[in-house]
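Chains: A, B, C, D, E and F, in written order; residue numbering restarts at 1 for each.
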Amino acid sequence: MSILRIDGRACDELRPLKFDVDYLSHPLASVFISNGNTRVLTAVSFEDKVPSWMKNQKVSGGWVTCEYGMLPSATTERCRREAAAGKQGGRTVEIQRLIGRSLRMAVELEKLGERTFYLDCDVIDADGGTRCASITGSSLALAIGCKRLFPANENPFKELVAAISVGIINGTPMLDLCYAEDSSAEVDMNVVMTESGKLVEVQGTAEGAPFSRRELNDLIDLAEHGLKQIFVRQREILESI
Amino acid sequence: MSILRIDGRACDELRPLKFDVDYLSHPLASVFISNGNTRVLTAVSFEDKVPSWMKNQKVSGGWVTCEYGMLPSATTERCRREAAAGKQGGRTVEIQRLIGRSLRMAVELEKLGERTFYLDCDVIDADGGTRCASITGSSLALAIGCKRLFPANENPFKELVAAISVGIINGTPMLDLCYAEDSSAEVDMNVVMTESGKLVEVQGTAEGAPFSRRELNDLIDLAEHGLKQIFVRQREILESI
Amino acid sequence: MSILRIDGRACDELRPLKFDVDYLSHPLASVFISNGNTRVLTAVSFEDKVPSWMKNQKVSGGWVTCEYGMLPSATTERCRREAAAGKQGGRTVEIQRLIGRSLRMAVELEKLGERTFYLDCDVIDADGGTRCASITGSSLALAIGCKRLFPANENPFKELVAAISVGIINGTPMLDLCYAEDSSAEVDMNVVMTESGKLVEVQGTAEGAPFSRRELNDLIDLAEHGLKQIFVRQREILESI
Amino acid sequence: MSILRIDGRACDELRPLKFDVDYLSHPLASVFISNGNTRVLTAVSFEDKVPSWMKNQKVSGGWVTCEYGMLPSATTERCRREAAAGKQGGRTVEIQRLIGRSLRMAVELEKLGERTFYLDCDVIDADGGTRCASITGSSLALAIGCKRLFPANENPFKELVAAISVGIINGTPMLDLCYAEDSSAEVDMNVVMTESGKLVEVQGTAEGAPFSRRELNDLIDLAEHGLKQIFVRQREILESI
Amino acid sequence: MSILRIDGRACDELRPLKFDVDYLSHPLASVFISNGNTRVLTAVSFEDKVPSWMKNQKVSGGWVTCEYGMLPSATTERCRREAAAGKQGGRTVEIQRLIGRSLRMAVELEKLGERTFYLDCDVIDADGGTRCASITGSSLALAIGCKRLFPANENPFKELVAAISVGIINGTPMLDLCYAEDSSAEVDMNVVMTESGKLVEVQGTAEGAPFSRRELNDLIDLAEHGLKQIFVRQREILESI
Amino acid sequence: MSILRIDGRACDELRPLKFDVDYLSHPLASVFISNGNTRVLTAVSFEDKVPSWMKNQKVSGGWVTCEYGMLPSATTERCRREAAAGKQGGRTVEIQRLIGRSLRMAVELEKLGERTFYLDCDVIDADGGTRCASITGSSLALAIGCKRLFPANENPFKELVAAISVGIINGTPMLDLCYAEDSSAEVDMNVVMTESGKLVEVQGTAEGAPFSRRELNDLIDLAEHGLKQIFVRQREILESI
């Protein structure tokens, strides 16, 4: 493809990707992921109890949940601090539910023991794709955390997951949208996949005009193409721990 | 297909669908939709001002937003009243954002004038698929409301949208899941489409195990099959107003 | 009396009254009451625990509480959704306390067992008198629920209660005010009574000018006149269950 | 009557009543009312604007509103501080709405000018009847405040109001209940009256068993008897200002 | 010093100080402190449990905590009621944390038993120095409460504390600032001390311009001078109980 | 001094200090400060309006305010996310008020124009002294921001401020406490100073036992000794921008 993108990338090209492991002193594991100018600090902690609804329903095993946040200074215009506003916005709630669901697919909950794992995803710098970077980063952090916490033969971690955004801009499908692209996309899609190539979540949203089945397929193809490269990078780091 | 479902339907069969127009005395338009045992009261109201962010960003035209709620007695176990709890839950927030986005695709915002349209979707009785019934019902209500409010040649309503849930249960794709099916589905998908057959939202979620591209396609096929029948019903009613 | 009311009724005439039993699929009992154009969905559910203050004070038996709400589209001008606003308004709080107190007089709390009964009163369509319709409807629903839950000789339900609004408009006492009448009333009174003719709550409020003892008495007479007819209707249905 | 009450009073006897005018340095007027061991600090302030709903509805004149609170140490068992709990309880809301309604009957709103008057009623020490003491105290404070703020010929204050509690204990109607009496009353009633002897609010509540019309009448008689004495005391002080 | 202050005091002169013991009927002990026109009602209550964090950390003994509030009518301009606003303001939070910390220094927590002591400090009338009056008053109330609750040889109360404000106004250090002085001070300092002359808290804040070490020392000298007189007064009363 | 500290430092020795300028893409200026293992991201943004109280009081010029937060994974035990909890804790409120006050001393508010400057201080990793690091970092960020925004002759920035913690541990005064030292300190003090050596805030708190005037003086001496070194570092960087 010869269409030039805002930052000079090809349409099927990822932004530079970097994982900084154990960036933080205290949690079980942490991964500071940079995806272009988007930087998200993901961390895994746990406590030895499960949510009360699990107790009430007598579900055995543990739970994985996510909390997502954005520093007020992470965006072009300073965004309001949710702690000061006294509530999390709708976008935040939607995103942290997506991350939580996705990561629960990466582990066998019943092998976690009576524990709740917290995935904290805090956006330090935002340039599009923060929910996908959060999933990709916290998936690696959770894999590392499980490796540390459990003996190899009891490891509840099943499979790495990763996520990438794709979209259609001026009629052309593009991979890994930066903020400027995301804002002008006609269709916006987030694809969460497992390392073995299966789908965990597909969320496609028409922004300007509805889309066809064919466009849907092209976008998922493009996402798969990018996710394969991401899994190679995650795998490399996980093996080295 | 010869697999029998809980309620005796074929796998590609919708539940009985009923639209009760102008069920309410006061709003511009209302549709009380029954989809099997799921019943949702959808209503359209408007006020002559737009959200403050629109004013600040000097976007012209109007806005469409949705508020979704569930009566505490609509569910098997009484669910907590969100007004008494002092906040809307994450599921509610996620659903009303989805409905709002979907319905904004049905109209030309710039033709709405300086108005905010509220879609109130209140679940009276829940048996699965409440967000889809909300979209299907409020789409019809919004179409009717626009017909009443605007001269034909200035009608901002572009196209009907509708939504249906599909899922994979015991390896079999099924259409229009009831609650018992939804709870045991391996994959759960909501598809929002336009009357002309294009996609507005696709939200597929692996519940038990990740899914393949082929399964994704089968599910969307099934959804299309159901949605075509729904559009016939919506259209009939809209023409009769 | 020859004064004509807005809707053509005589001053001592009730609006058409209808009870739709078991309108809902899930709760122990539900009554959808229509009182003229006012429609309220009342439902009874219970859970096997009591409020913590009862435990602390070692009160034996159970508890009955009410939650009242209004659909945003139930009123002439769309009213704000309390769940979205993050709190119940003062009017809501006042009303649900009145309903709860009134219905606790209908049962023997100590015979309820360690249970909390929830009366959910949700206004679907409002045209005045919603608190009274809520009491009348939920009283029947609670009677039906108790009949279902307890053996006849242990039934904690003592006596039906019902409520009606009365008021003075242009100097004339009138029964069962609709919204337009309620808004212009000089005095507004809600009377809650037992089937045996005793008073449970009397709440009289001067809206325009204070009222005399004689007016108070006339209003209660009028309320009694209406309530007797309501008890006949409740009784009929209760016997038929 | 020869029945002896807890504190030795006759059944139709008020507790000692004291008004301490201008107890506070800052507000327009304040009255510290002692009714037996119940002590409530009532104060009147105003600001030069009206609530936004008045502006929207283009109602002319001003508004009177009440805020009621209780010091945590005012009760036998320390009660929770509502500011720390983050919300006003249902009882508080119900009481301050009653006080506000009652005092709005004491003035001509349209003569207040574009002002909101705040009646702050803070219970310093509680021994039953705090809402009645709040009305009686703030009525005097509002009368004094209006006298100070307006020229005599433009004074919007119409008439003093006062309130007293009455109840039935062991079958006997009693006036001005203290907390111990209030807790064991079968019927509990609050009567708000004007100096000219008309009713502003009547709120009678069955606590243990429903009550008859005759009991209702006896209670209002008793209340009138007490209120006449209170008006004499209010009047004396008001004249002396 | 010959500089005349607003109220005619010398620069090193306290305002009139008065302690009214057991002003309230219900709590374990209460002190109504008047410091010039500043009046604060301080009360001590307790309950037989400790905060959950103490239980979790297995800290033995009890806890002392403070809640501070201001009546809306205590200030020149009516201040917003925090219970109605739904949250305590930052100033309130800061002040009650200071009072709590200071009073915890007055007792041996491990001797309190499994109890939480509440210090309620409610400002009835404000004219500067409310946090200092709160500490001085509640220190005496806590001393009296402990004397009542514990046998002399198990009394957990170690030592009286008291607090005073000092500040620099037009370059001159002054003791015990009233509101008008406080508003125009260049430096504002609160000093909390023990009866034996040691420091518990020193909080000095530059308001207009930063201050020198020498000024800091002068201010603490002045505070010590005032606090010695206050301890004499507290001691007198405590001995008389 | 020959006493060895936990991390091998001398008693009057600072932890390694690092300033990373413009760590963030979007705000006017940002400084990522590392003070030993404590790392705080400070950022300066502004908007072209002032708080409503300034407008009401007709104060001219601008305002500087601070919001402080801590990532949940910044502490040894994961701390609760305040946005999810729905409110900022008391400690957070206290700290951000201190930072705001301190930084307002660094600028001439009336020269800021009708603008509000936000200092966002987000703790990424906590090991004691986060409020002091926040002040030191945001002071530099604000200085840089002003240099960028204003012409040199209209620069409202007056003077750098910086802060350091000091404390007494086992009777010995120590500089720049890490978390383990802070937890066991008998006295804990934060000193905020200007580059010219004057005091902005002094907050000394007895944790275990009250302290003497002499100890107070020793601690401020120690703080001054450390702050002088910090000002050299801030100045260097500011000159290089």
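Keep this in mind: a residue touches a chain if its C-beta (ideal position, glycine included) is under 8 Å from a C-beta of that chain, and two chains touch if they have at least 3 such contacts.
Nothing here was measured: the structure is a model prediction, and the numbers come from that model.
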Touching both chain D and chain F (chains): E
Intersection of the contact lists for chain B and chain D: C
Chain centre separation (chain C, chain F; CA means) in Å: 59
Distance between the centres, which are taken as Cα means, of chain B and chain A, whole angstrom: 27
Intercentroid distance (Cα basis), chain C paired with chain B, Å: 33
Shared-contact residues (touching 2 or more other chains) in chain B: 86-87
Arrangement of touching chains [line / ring / star / complete / other]: ring
Traversal of the chain ring from chain D via chain E: D, E, F, A, B, C
Contact set on chain D toward chain E in their complex: 24-27, 30, 37, 41, 43, 45, 47, 67, 69, 71-76, 78, 81-88, 92, 118, 120, 122, 124-127
Chain B residues within the chain A interface of the complex: 87, 90-91, 93-94, 96-97, 101, 105, 193-194, 196, 198-206, 209-213, 216, 220
